[in-house]
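Okay, so subunit A shows up in both of these, paired with subunit B first and subunit C after.
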Partner chain A sequence: MSNRFMSKHSQKFTCQIYFFLYLIFFLCLLSPLNVSASGPAASKINNPSNDLWISVRHNTESGKVTSQVKSVDSTVLINPQADRWTRFRMTQLINYGLFILSVVAVVIMLFYLFRGRIKLEEGLSGIMVHRFTDYERILHWMLAIVFIFLAGTGLILLFGRPLLIPVLGHEFFSVLASASKEGHNLFGPIFFVSLLLMLFRFVRRNIYAKGDLTWLLKGGGLIGKSHVTGGFFNMGEKTWYWIVILTGLAISVSGLVLVLPNFGQGRVIMELSHVVHGIAAIILVSVSFGHIYLATKGTEGTLESMKTGYVDIKWAEEHHDRWAKECHDNDRLISAEDYAKLQGRVVLDQNVSASPLMEETK
Partner chain B sequence: MARMKFYCDAERCIECNACVTACKNENEVPWGVNRRRVVTINDGVPGERSLSVACMHCSDAPCATVCPVDCFYTTDDGVVLHDKDICIGCGYCFYACPFGAPQFPEDGAFASRGKMDKCTFCAGGPEEDNSADEYQKYGSNRLAEGKLPLCAEMCSTKSLLAGDANVVADIFRKRVVKRGASVLNKGVSYQNASLRASSVGKDK
Partner chain C sequence: MIADFIDGPFWYFSLTVFTIGIIWKLVTIVFGKRKADLSVARGSGISGAIKTIFSRFKADKGMTPHIRLQVVAGYMFHLGLFALLFFAAPHVLFLEENFFSFEGMSFSWTPMPHWAFIIASEFAFLGLLMLWLHRVLNPVSRLISTADDHIASILTFVVMLTGCLALLESFNELRLLHRFSVELFLIYFPFSRLMHAFTFIPSRAFTGAWFGRRGISS
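Up next is the complex of A and B:
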């Protein structure tokens, strides 16, 4: 009885062993190493003619390759990277790019629906403090306008064929795409210049400092209601700055490689540049959605800083407590009346007193 | 309906570049543009091979796949053509093509790209056949006249073949069979050819 049981048990055991052996065997078959391992090297027929065309196929010819046509890459018979680039653009950049941008847009919309506008807890006080100089604001808006234009034209070129051609038709879309291409090429270098000016102007205030980690751990105030600490720029703004600078530089350099074909760069360099350009641009555009939302609709009082250069002291206290304290200490607060004068809104109130003054100056 | 193909026989091409010249002359291509080029591999050493290359008129053309304005089309004869009125000169077809067929005339400052130009298999463009407009944009339309591309038609060694894929393949098959026989018969016509490869290696 027990013997029978044992044999049954051992049968089952051997079955299991065979199963595992088979499994290992199949795994070996599946392994890519197998291709070189199983092919017996001794039986390989030496075939220089075949080898020649295989090397041409992979662009690895060892001998001298010449052509009477003297242009860049004219001696490259087959560029094996071309197919990889095609697949990257058609199956990854367009699909994932559209997916990422849509997801970011939807997330921001949902955030707005559920959280709403982040209002100042104590409301606006009317007491202002100077935040950005004219130069900084002009620089910001120059970069912003050029960026929005480049992002728009770039997205038209990237997604136009699947999204716009069915709506606009080939002829009209061609005109739009041509204008987009020319505009993109023309304004690209301006973006680069603005970006460099931005880099030099703001780099000192955007170096990560003590307290930034706390900001990150508290989720930047987006989660919950508690206030988070921040200097002139808080951690989120600093990160946005570095995303702009790093992806912006990658986009600018790769863009210049693409737009100026007269430095003799080959197709492979241009394909790589396009990959860098596309990935960096998708990152920058999707993060810019967040920046644009938070700076306009998302938080109360933020847009003022880039419109007038002044912010409400309550806004500073709630979002940039350490900087607000600095302002208090250095006595940089501007009263509502002084601020109104600065903004040229005094004319209505002081019309009477202003006119004799004007006559006097005459 | 045919399926048009080029075939360049590397055992016959003598790098005379007449196909390049003929193409340039027949189609009046813009300055700096060569729709066809001859490339020589292992130049100057035994086993040197030359190939004449232009657009391959791919069945599933990557240039047509990546074109952001969708300006490519394939004719009933299997010739890949493009519409220069739609083309914006972005250069994506140039990145996508493994053979370097799409060419760009310089247009404006900083060598910016004009509208793409490439081999049309001497089949013109979307305009009316053999119209002045078509000739100015795409060159001659020999196919509409019942002729084959000039590069292949005037090839002195009949290395470059153009025409229906079945016919071209048939001609090439016959050549290969004859060559194989000559090699087996200790022919001397081509060193380093596949069947003699191992013996050449041993001689050294």
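Up next is the complex of A and C:
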């Protein structure tokens, strides 16, 4: 009897203990310690510490936060947007940027291996035609030099952490990064000025015109052997020009926002500017690989136009046939001998100095 | 070790070469033998000299359309470099500490603000780049340019670039790099066309006096 009673009593007691433990466990689940501090329910928990940090982080009591420092964002103690920006930079911009640049470089190398240098069908004739003035070439090379410097220093700053620190070490990289940052900031405005000069000088000749679409449909002559028609600039060159101008302007404006914090822009605007700056720069650098390749190793006779200002008439006929026709019609062709004299490869004589092209060269 | 060498013996060596070289060059120019001008003077040599010193700051009217770029770029570069050299805050401090301190007393002047420094350096870089590119790309300029012209341009560019890379003044390595490039520049200076920084006024004066004496308006 007593045993039965004891057994029943023991069972009841055990049930009570289990119930009590479940209760504790349930209460624990509901306790403020286990409630996510970032959730909306957190604000309902009357914990002064939580409220303080939520307020600091999200600035929920905007207007009530004051600071002795009277400047932009001086009342923001924690900028939650910065976490997103940092994550974007570290995990997406760097990784995807590196991937895109590598893929473009590999594609160009493969293209060169399979297609080789695009040579002129009829070869160089030696008869030249004037294409770019000194001023235009100076503009081009100034923009090119400054761009290469900015691209180099910018890529050091962007990819330095994952790529250079393991090779160079922290100490050397810190010196390199400091120099790159100063150089990058200083040459940025020169890029902007060069870009504007480039915009004004070449814009008229780079407006899309009838016939450009044909060029695009034929792949610009890169695919297949069929002839493509083009004016002074073909559609590929025009597209490259507009990529330079548009991404260049995006890079320049966002760069000025980053480098000149005196104009009252806050951190969020600067973070967005950095995102624009980085993405536009990756686009411009990757497309520039193609431009540099095609202008140097890729196509026969192209580099000459920016070196001397003159191109072979056969080159003009193959790549810019409509412009070449204009040159023929206006009798602007120069013999190989006269061209050599203009370039100072032979002693100048009276006939050459009297040439109207000499004036143009000056 | 290298830092001590750049800050110590090499600095004094380059400064000595620069100073002696400049003095030697100027002495040979001023006291060099020239044929006496026996012609009857038709005008004042002195007024001709003074006039030419200033008139040459402006490009010749007939030449202006052909050399507009060189004139604009030339002024941008030279004025920018002058401002950087004598009014950049680190340079003012350096000159005060190393050249204008005498027994506890020192002489200095107000440096330009940071924004002015940035503008001056932008002007200097833009001007120098344009001038050098013109030298390389224009067939006539290319033909009359020598290795000395290119070395002088590149050396000047390197000095300016290393100076700007060290702008943060946080790394001694960058300061040393700038100082080393300056020392190379100082050594090269007296033996090159960089000497025009010292000779352009005497040269103009000499030409102007010669013209003035003969009554040539120039």
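We adopt the following convention: the second predicted complex is superposed on the first by the 282 of 362 C-alpha atoms of A that agree within 3 Å, B and C clash if a C-alpha of one lies under 4 Å from a C-alpha of the other, contacts with A are read in each partner's own complex, and residues count from 1 in each chain.
Simple rule for what comes next: a contact is a pair of C-beta atoms (placed from the backbone, for glycine too) under 8 Å apart; a residue touches a chain by one contact, two chains touch by 3 or more.
It should be emphasised that the depicted structure is a prediction, and the values quoted were computed from it without experimental measurement.
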Next item on the list: Go through the superposed model and pick first if A:T66 touches only subunit B, second if only subunit C, both, or neither.
Entry: first
Note to self: Touch test for A:H274: subunit B only (first), subunit C only (second), both, or neither?
What the structure shows: first
Margin query: Of the two partners subunit B and subunit C, which one touches more residues belonging to subunit A?
Written below: B
Note to self: According to the stated criteria, A:F187 is in contact with first (subunit B), second (subunit C), both, or neither; which is it?
What the structure shows: second
Check: Looking at the overlay, does A:P166 come into contact with subunit B only (first), subunit C only (second), both, or neither?
Finding: neither
Notebook entry, point to check: Should A:S174 be classified as contacting the first partner (subunit B), the second (subunit C), both, or neither?
Noted result: both
Next item on the list: For A:I78, decide between first (touching subunit B), second (touching subunit C), both and neither.
Entry: first
Next item on the list: Check the residue A:G264 against both partner chains and state whether it touches subunit B (first), subunit C (second), both, or neither.
Entry: neither
Next item on the list: Go through subunit A and flag every residue that touches subunit B in one model and subunit C in the other.
Entry: 174, 178, 181
Check: Taking the complex as given, what residues does subunit A use to touch subunit C?
Finding: 134-135, 137-138, 141-142, 145-146, 174-175, 178-179, 181-183, 186-187, 189-190, 193, 307-309, 342-344, 361-362
Checklist line | subunit A partner contacts - residues on subunit B that touch it in the complex | finding: 15, 17, 20, 32, 34, 37-45, 47-49, 51, 53, 62, 65-71, 85-92, 94-100, 104, 110-113, 192-194, 197-198, 200-201
Note to self: So in the complex, the part of subunit A that touches subunit B is made up of which residues?
What the structure shows: 45-50, 52, 56, 61, 63-69, 71, 73-80, 82-83, 85-86, 89-90, 157-158, 160-161, 165, 170-171, 173-174, 177-178, 181, 185, 258-262, 267, 270-271, 274
Note to self: If we count contacts the way the header does, which residues on subunit C are in touch with subunit A in the complex?
What the structure shows: 66, 69, 118, 121-122, 125-126, 129-130, 133-134, 137-140, 142-143, 161, 164-168, 170-171, 173-174
